[in-house]
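Both complexes shown next keep chain A, but they swap its partner, so chain B is in the first and chain C is in the second.
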Partner chain A sequence: MALLEIRGLCKAFDHVVLDRLDLDVEAGEFFVVVGPSGIGKTTLLRCVAGLETPQAGTVRVRGTDVTGLPPYRRNVALTFESYALYPHLTVFENIASPLRARRRPAEEIRRKVREVAKLLRIEHILDHRPGEISGGQKQRTALGRTLVRDPDVFLLDEPISHLDAKIRHELREQFHHLEELRRTATLYVTHDYAEALSLGDRIGVMGPGGLVQIGTPEEVFERPRSLFVARHLGQPTINLLPAALRREDGRVSLELEGCGARLPLTAEQAAALSARTGDRVVLGVRPHHIALADGAAPADGGLLEARVELYEPLGAKGVLLAELGSTRLHVLTPIDVHFRPGERVRLAFDRSAFLFFCPERGVNLVD
Partner chain B sequence: MSETSARLIRILLLAFLGVWLFFTLFPFYFQLITSLKPVAEINRMVPTFWPEVLVPGNYAGIFADPGSLKALQDSLVVALANTALSLFLGTLAGYALARYLKGPVGENLSFWILSNRMFPPVAVLIPMFFLFDNTPWGTDSYFSLIVLYLVFNLPLATWLMMVFFRDAPVELEEAAYVDGWKPFQAFSRITLPLVLPGMISVAMLCFIFAWNEYLFANLLTGTNVKTFPVHIPTFTQGSQTLWNLVMAFSLVAMLPPVVMFILLRRYMVRGLSLGVVKG
Partner chain C sequence: MKQETTTPAVPEWFEARRKPRARIVARWVPWVMVGIPVLVLLAIVVYPTVWMAYHAFHDTNMMGLFTGRYAYVGWQNFANVLSDPRFHNSVVNLVWYLTFGATLEVLLGTALALILYELVPRPGLRVVLLVAMVLPMMLPPSIVGVLWKFLLQANNGAVNHLLINLGLMAPTERIDWLGVDLSLTSLIIADVWQWTALPLLIVYSGRVSLPPAVFEAARVDGASRFTVLRRLTLPMLKEIIAIAFILRFMDAYKFVDKVYVMTSGGPAQSSELPVFIAFQKGIREFQIGEAAAYAWLIFVVAAVIITLFLQYLKRVLKAQAFA
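Moving on to the complex of A and B:
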């Protein structure tokens, strides 16, 4: 039995946000919900915390149905995206708040708050008020207020999204090491796919109405079940090229629209798609699955000529925007080559990583 | 703009401020010196603006007069009790309006409450007399004034507290619920401290109204209970008004609100460094 069990959860405001959502999070599991802003990730957390009442469905924690219980009768910890620190209380009192609510002895409160503060490296600001500390410290304080408890479920709402990149990375690393989070079930919400891939034991991609795909980070990233998932994960965004499946001399190949180029398919792809020859598809290729080729074209012809439109050197890698016929492609390049706009380059596609989607329904045709 | 016209504007501005300051402060100066004059000097035509003799006896007289002391005591009882009641009820009502009555119902209800403050008080003067005459305590009682002043102070307190509660982030209360606090605990431990500066401002406004009210106090009370504005006319004896006593007494009566204001001024500034939410 999963520690956190969500069944058929429905929540609508003026429009439907969650539509019959099912989710199990096991003890010790770090589950990340990723999705665009405004899609209902926070609403999901608020339903689990008891701050929203769902119209239908149940939330069970350790087998107990808590759906109708107010937040203060659930043993669930939540960090707010806005931190929601009490401005008139010191950092110490902010962190101590859940313990005081449970009437723990003063000695235990002092000890536990110190422990958590030490873990989060905010011992030196325990006497400060939230107005006097930096964004990163506020975030750690908010996190401290949840870690100090011994909750059944941790709910973390975009805990590091509003910090600058450096602190964000530092805190992301810290999440990997927080034993507290690894002991119980954690539901972590973010719009940042990198956070999701880095932190999640499993991730769930949220689309309109609920979770559209659940799986390990590798599964979801490598084998997105839909265009929505493919588009949402990855930076630069996955390249989506309209194409048509053709059969010639018994071999299935792909004709790209706009430039007319033909790409051969692997045997498995050809087998999976042979029934659809003649159909239009959307080809998905991630920027790191396209390489720059020099020298002669490989025998199978998976090489296309394109024109450089823009090149961004980003330190560790470069992002090339190339024009291929009437479509544009993002390509990740090693940093030692530079490109000028207008230059011609040859692109080699990693065919084994091709994804095929139905242009109308957006589903992955091979998966 | 040329330098001369800039100077001219500056001089005119200073002149205006000087006149304004004179009009504001002169009455207090005249009140102070009159309160220190002997009876012989107070009614002189072409009054003395720099008193010939200063006699502190007027103040001694007030503090020796049981009637004057009783008037100050009555004013304090009425004003403090009414302020406490207005604040208590206004805070709870304001919170309910801010948190639980959103939408048209809450808006109409809160506006109706505030609109009670808009009618001319004279319109209900006589009805109020008969109303309180029919209570067990009668018109001439602490009860009548304390309850009557709620008519004026409670709408104001409710409305203002509602505005302050609306400004206090709901998320903080939600965070408190998640921490394990029950609704009333979250209200008193988290939300109330946030609106404390507002509460103090409201308390000052209520106190000042109840402290200074004359019209209703004069009609309803006067024997058992006599607040200081009602007591002041008793310094007129026959055709002679003892202006020195009037001034001395009203100066003493000015002190409680002034002292309160000075003591509480720093809490009234809404400067409680909020830094609650990001940004």
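Moving on to the complex of A and C:
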């Protein structure tokens, strides 16, 4: 039995946000919900926390149906995107507030708050008020307020998204080490795919209406079930090229629209797609699956010539925007190269990483 | 072309794009803009204050004012005021009035505002109730005074009739609302009726602007409604309530309109306030010297109290660091 069970959850405001959503989060699991902003991630958390009443469906915590219960009887802890710290109370009192609400003895409160503060490395600011501390410290305080409670389920709403990159990275590392989060079920919401891939034991990609794909980070990143998922994960975004499947003397190949180039397919891909020859498809290639080719073309001909439109050196890597016929694509390059707009480059595609989507329905045709 | 270059403090293109005429305008416009209000203030605030300070030390009365014959009397006017039992009585009245009037207005206004926000779920109904409660504030204070004077008449006033009809009072009984014992209370009732809406509006708008996430966090934390009120809402509204109180205090301190209309300070000076006496002395009896001394005492006390208030506010705002 999963620690957190969500069945058929429906929530609509003036439009449908969650449509029959099912989700199980096991004890000790760190589940990350990732999706574009405004898609309903926060609504999902608020339904689980009890701040919103769903129109239908159930939420179970440790097997108990909590759907109709008020927030405080659910034993779930929620951090808010805006931190929601009590501005007139010190950091200590902010962290202590859930214990105070439960009328725990003063001694226990002091001990627990110190423990949590030590864990989050905010012991030195316990006497400060939220107005006097930095964003990262506010975030840690908000986290401390949830950690101190020993809840069954942690609900974390974009906890580190609004911090600057350096602190974000530091807190991301800290999340990996927080034992407390490992004992319970954690539902973590973010719009940042890198956070999701780095933190999640499993991740769920949220699209209009609910979770469109659930799986381990590798599964979801490498085998997206739909165009929506493929487009949402990865930076720069996946290259999507309109193409058509062709069969020539028994071999299936891919003809790219706009430049007419033909790309051979691997045996498995050919087998999976052979029924669709003649159909139009959308080819998905991640930027790091395209390499710059120098020297001779490989024997199977997976090499295309493109024109450089823009080159961005980004320190550890470079991003090349290339024009291939009438389409554009991003290529991730090493740093020791340089390009000028208008230059011609030759690109080698990693065929084994090709993804094929149906242009009408957006589903992955091979998976 | 010369080699040596001196960098001008202002680049030449900058001076060149300003026409000479524009420069003259730019020079006198600020003076005029600031000067006119300053002159007006000098005429209507500074001059009368200085004039009043001067006459507070003279035995000026109406004759003296017109003939210009008045003598320096030192601190005599102040001594007269401070030793006058009428003044002592009015100070006691003022303290009563401030404690039970201004304080009651703020307490009642705060309570109503929070009840309205927390317990009335429909926004439309909330607006209707809010407007209804704010209406008394829209009436001129003197009209409110007349209104309540009628309502509180001992013999055929509506309030006494209501009490009789509700069976709370024998039909032969009469409560003398405007008599010696109750005149101050009646003033307070009329004033609370009219001005509770101001703290209500201030606190309500303060409550509306508090971040909802903080209250949701408290719900998730498991705080009870009472705890939320005591540990969150009221502390977060503390400064707002203080501001409402300062506003009501300042207004109550110079309260004179309803006193004038409803009781004229009577009967037997039972509802007199210092400002009303100053007004009586100055405008009715033309004891300019003594009235000026009254006004100065009132002014100094007000200045001290407001300074304390502002210092408190500054401290609170600083402690919160505008979180």
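Please note the rule applied: the second predicted complex is superposed on the first by the 367 of 367 C-alpha atoms of A that agree within 3 Å, B and C clash if a C-alpha of one lies under 4 Å from a C-alpha of the other, contacts with A are read in each partner's own complex, and residues count from 1 in each chain.
We take it that contacts are C-beta pairs under 8 Å (C-beta built on N, C-alpha and C of every residue); 3 or more make two chains touch, one makes a residue touch a chain.
Treat the numbers as computed from the prediction; the structure is a model and nothing was measured.
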_Do chain B and chain C fit side by side on chain A in the superposed arrangement, or is it a clash?_
clash
*Considering only the touch criterion stated at the top, classify A:145 as touching first (chain B), second (chain C), both, or neither.*
both
_I'd like to know which partner A:102 touches here: chain B for first, chain C for second, both or neither._
both
*After lining up the shared chain so the two structures overlap, which partner does A:162 touch, if you call chain B first and chain C second: first, second, both or neither?*
first
*Does chain B (first) or chain C (second) touch A:82, or do both, or does neither?*
both
*Check whether A:49 is in contact with chain B, with chain C, with both or with neither, and answer first, second, both or neither.*
both
*Quick one: classify A:359 as touching chain B (first), chain C (second), both or neither.*
neither
*Is A:38 contacted by the first partner chain B, the second partner chain C, both or neither?*
neither
*Thinking of the overlay built on chain A, is A:135 touched by chain B (first), by chain C (second), by both, or by neither?*
first
*Same chain A residues contacting chain B and chain C, which ones?*
49-51, 70-72, 76-78, 80-88, 97-98, 101-102, 129-132, 145
_chain C-touching residues of chain A, taken from the complex the two chains share_ = 49-51, 70-72, 76-78, 80-89, 97-98, 100-102, 129-132, 145, 149
*Note which residues of chain B are touching chain A in the complex, please.*
169, 171-172, 174-182, 185, 190, 193-194, 272-278
_If we count contacts the way the header does, which residues on chain C are in touch with chain A in the complex?_
211, 213-214, 216-224, 227, 231-232, 235-236, 238, 319-323
_Interface residues, chain A side, partner chain B - complex_ = 49-51, 70-72, 76-78, 80-88, 97-98, 101-102, 129-133, 135, 138, 145, 162
